[in-house]
Amino acid sequence: MGKNRLEAFSDGVIAIIITIMVLELKVPHGATLAALEALTPVLLGYVLSFVYVGIYWNNHHHMLNASARVNGKVLWANLHLLFWLSLIPFVTAWMGENHFKPAPTVAYGFVLFMCATAYSLLVRRLIAHHDKNAALAEAIGDDRKGKISIVLYLAGIALTWFAAWLGFLAYVCVAVMWLIPDRRIERKVVEEEREEASRAGEASPP
Amino acid sequence: MGKNRLEAFSDGVIAIIITIMVLELKVPHGATLAALEALTPVLLGYVLSFVYVGIYWNNHHHMLNASARVNGKVLWANLHLLFWLSLIPFVTAWMGENHFKPAPTVAYGFVLFMCATAYSLLVRRLIAHHDKNAALAEAIGDDRKGKISIVLYLAGIALTWFAAWLGFLAYVCVAVMWLIPDRRIERKVVEEEREEASRAGEASPP
Amino acid sequence: MGKNRLEAFSDGVIAIIITIMVLELKVPHGATLAALEALTPVLLGYVLSFVYVGIYWNNHHHMLNASARVNGKVLWANLHLLFWLSLIPFVTAWMGENHFKPAPTVAYGFVLFMCATAYSLLVRRLIAHHDKNAALAEAIGDDRKGKISIVLYLAGIALTWFAAWLGFLAYVCVAVMWLIPDRRIERKVVEEEREEASRAGEASPP
Amino acid sequence: MGKNRLEAFSDGVIAIIITIMVLELKVPHGATLAALEALTPVLLGYVLSFVYVGIYWNNHHHMLNASARVNGKVLWANLHLLFWLSLIPFVTAWMGENHFKPAPTVAYGFVLFMCATAYSLLVRRLIAHHDKNAALAEAIGDDRKGKISIVLYLAGIALTWFAAWLGFLAYVCVAVMWLIPDRRIERKVVEEEREEASRAGEASPP
């Protein structure tokens, strides 16, 4: 089964998720810059969530680039990931409007935690479907970053009960860690292309 | 006529339908987990509808994979299906906000019933357009699952007048039945590819 | 310049337009079927607008199928069409919520009239860009349907001041007229493919 | 890395941005044309923002047409642009609802200014990634239009504190300047195609 429609559908859903968050930025009634200031926590949450969804789109893009095909199980693992991503606008709005109070910040962390779990499930499904194609499995490696993220989310959720900004900080750390680009898959793909090219080069001229 | 734009447009509409449902999850005013608890019925409805739309996207994907081309009638049958799917966010919100009272639960079942009917109309249009291509027709077979679904929807609508949760249960059953993946078309396509490959294998070497 | 991204972008915008209209179906507060009844005019407007946007997508699809390439002017003529289409959800909601009172019904007709004008501008731009490719120009022909539509819209707007339902009826007539599929372009494309195939058939075997 | 998904994702996000702005056109309660008149400033802002987003889509389209491939840095520069574009609906609504009062008009200009900055960053990233492919760099040239825009935005923001309509006028000027089509890249691409074609023509016949 081709992966084109899976990519197209995921692009559509992620594009909508990243965009409808802006609908939660309720237009302030006043016409002064002070009225905008009251929106700061909502804006802050928006920026973080935008970056998160961007990271997921980016990694999703890389991962499917390294995959050759999909099957029914991959489709559902992907829908499962999209489900948790679709809750991000909701928890972002709840957290922002309540100025990072504990309960909404915990809920935000929980949704991020579930997204990370769903993503790693999807990766495993893809690897299982590509048993002969070692490129993807090798590229992901031991997925250290993924494991650190999950620990940081749980730490963030726990810390939130002491001070919500500590939890928020933990989530920011995860985002920053991922923003440092994950060159593993990209490098892997480039290497293979080079190898293939060199093999092709050896094969064709003589 | 090519099927690419039909797929792209359907992907777009279904991606939006599955995502805007989250806009009906109104952000609670309180900042406690108890405030979130009040949202449980809305969340429950959201999960069920997400799964339903996911099933439709999945089956739509499989069906068009097995189709070679479309015509004007198929375009309109597809728009008819999209129309009923587009009402799912509305009835989901109505049902969730009213905690599964009879009337909204009946309306929800009715929209699901119309979606199923529209889908089977679309299948028939596609088969009619592919009279020589027996793969699709054979793959769908007698469409037992489709018929059972329609009976279960009608049963669900009837049961709702006695106890709304019984109706909801019927709709959940249909979803579970479809989640068990419909390998018919997938298997069919794989078989044909194999046959073609073997035929091509026989043809080319000598 | 290729037409792929123009198609993809238009598909995206039209998919969103056709779907966000459902957001104007405000969830009723009551949980009875009577509460749903009060929504009838809004639903009626939704159905008509859904059909209209569907017709535009359909014709847009056909027209670009018959076009080989686009230029900057076509991009802007297309954006102009999308602008007027994007106002359909707004006027639909205004008309529906006011139970087809004159002013909103006139505004609805005006937006439809502007859509039709923008569409015919786009067609002319495309024909101008394909001066050697007579297929498109010939297929559109004298565009009788387009001209009748514009007259009917103006008639509908005028009639609305006497009785709003008369105006609404005029808009319904236009939709029905277009629903009878416009086979002109489709037929033309099929013919050309056949001619090409026969020419190719003549050319290759000897 | 291919540019297809980058294009598809950007098309999706821009399509949603351009369309959800219409959701800020709140349906007026009255059913008279006077009720519509009160919406004039909101409509005016909508038209300007629609044109702006259209210009960005148009230029984005041209620029990626002239690019051969993308990398991780380009993906993030693109997401950065999309972030600022996603704020346009918010500031448009704020400005429109407050009838072009100074603070919202300044905010509108600031977001436009950041969009322009993000766009020029994206252009630079793309050029850096195509060091051997001079077509893009040469086509953009000294980017005079881009620089004039940034000056006009800053002038607009400054002027707003004296009279908001002066600021608005400055933003309109930038839009008009860009509407005059930017043929640089288009011409460049055409020229190269011709050169390549002529080279191919020279190479193949003898």
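As written, the chain order gives the labels A, B, C and D, with residue 1 at the start of each chain.
FYI, a residue touches a chain if its C-beta (ideal position, glycine included) is under 8 Å from a C-beta of that chain, and two chains touch if they have at least 3 such contacts.
In this text, all values refer to a predicted model and were calculated from it rather than measured experimentally.
Chemist: So subunit A and subunit C are the same sequence; what rotation in degrees superposes their CA atoms, nearest 5?
Modeler: Superposing subunit A on subunit C takes a rotation of 180 degrees, nearest 5.
Chemist: Copies subunit C and subunit D touch; is their interface built from the same residue numbers (over half shared) or different ones?
Modeler: different
Chemist: How big is the gap, in whole Å, between where the Cα atoms of subunit B centre and where those of subunit D centre?
Modeler: The mean C-alpha positions of subunit B and subunit D differ by 37 Å.
Chemist: Averaged over CA atoms, how far is the centre of subunit B from the centre of subunit C? Could you give it in whole Å?
Modeler: A distance of 26 Å separates the two centres.
Chemist: What residues in subunit D touch two or more of the other chains?
Modeler: 8, 12, 15-16, 20, 23
Chemist: Under the stated contact criterion, what part of subunit D meets subunit A in this complex?
Modeler: 1-2, 5, 8-9, 12-13, 15-17, 20, 23-24, 71-73, 75-76, 79, 82-83, 86-87, 89-90, 93-94, 97-98, 101-104, 106-107
Chemist: Spell out the part of subunit C that touches subunit B in their complex, as residue ranges.
Modeler: Listed in rising order, the residues of subunit C that touch subunit B are 7-8, 11-12, 14-16, 18-20, 22-23, 25, 27-28, 31-33, 35-36, 47, 50, 54, 57-58, 61, 65, 179, 181, 183, 186, 189.
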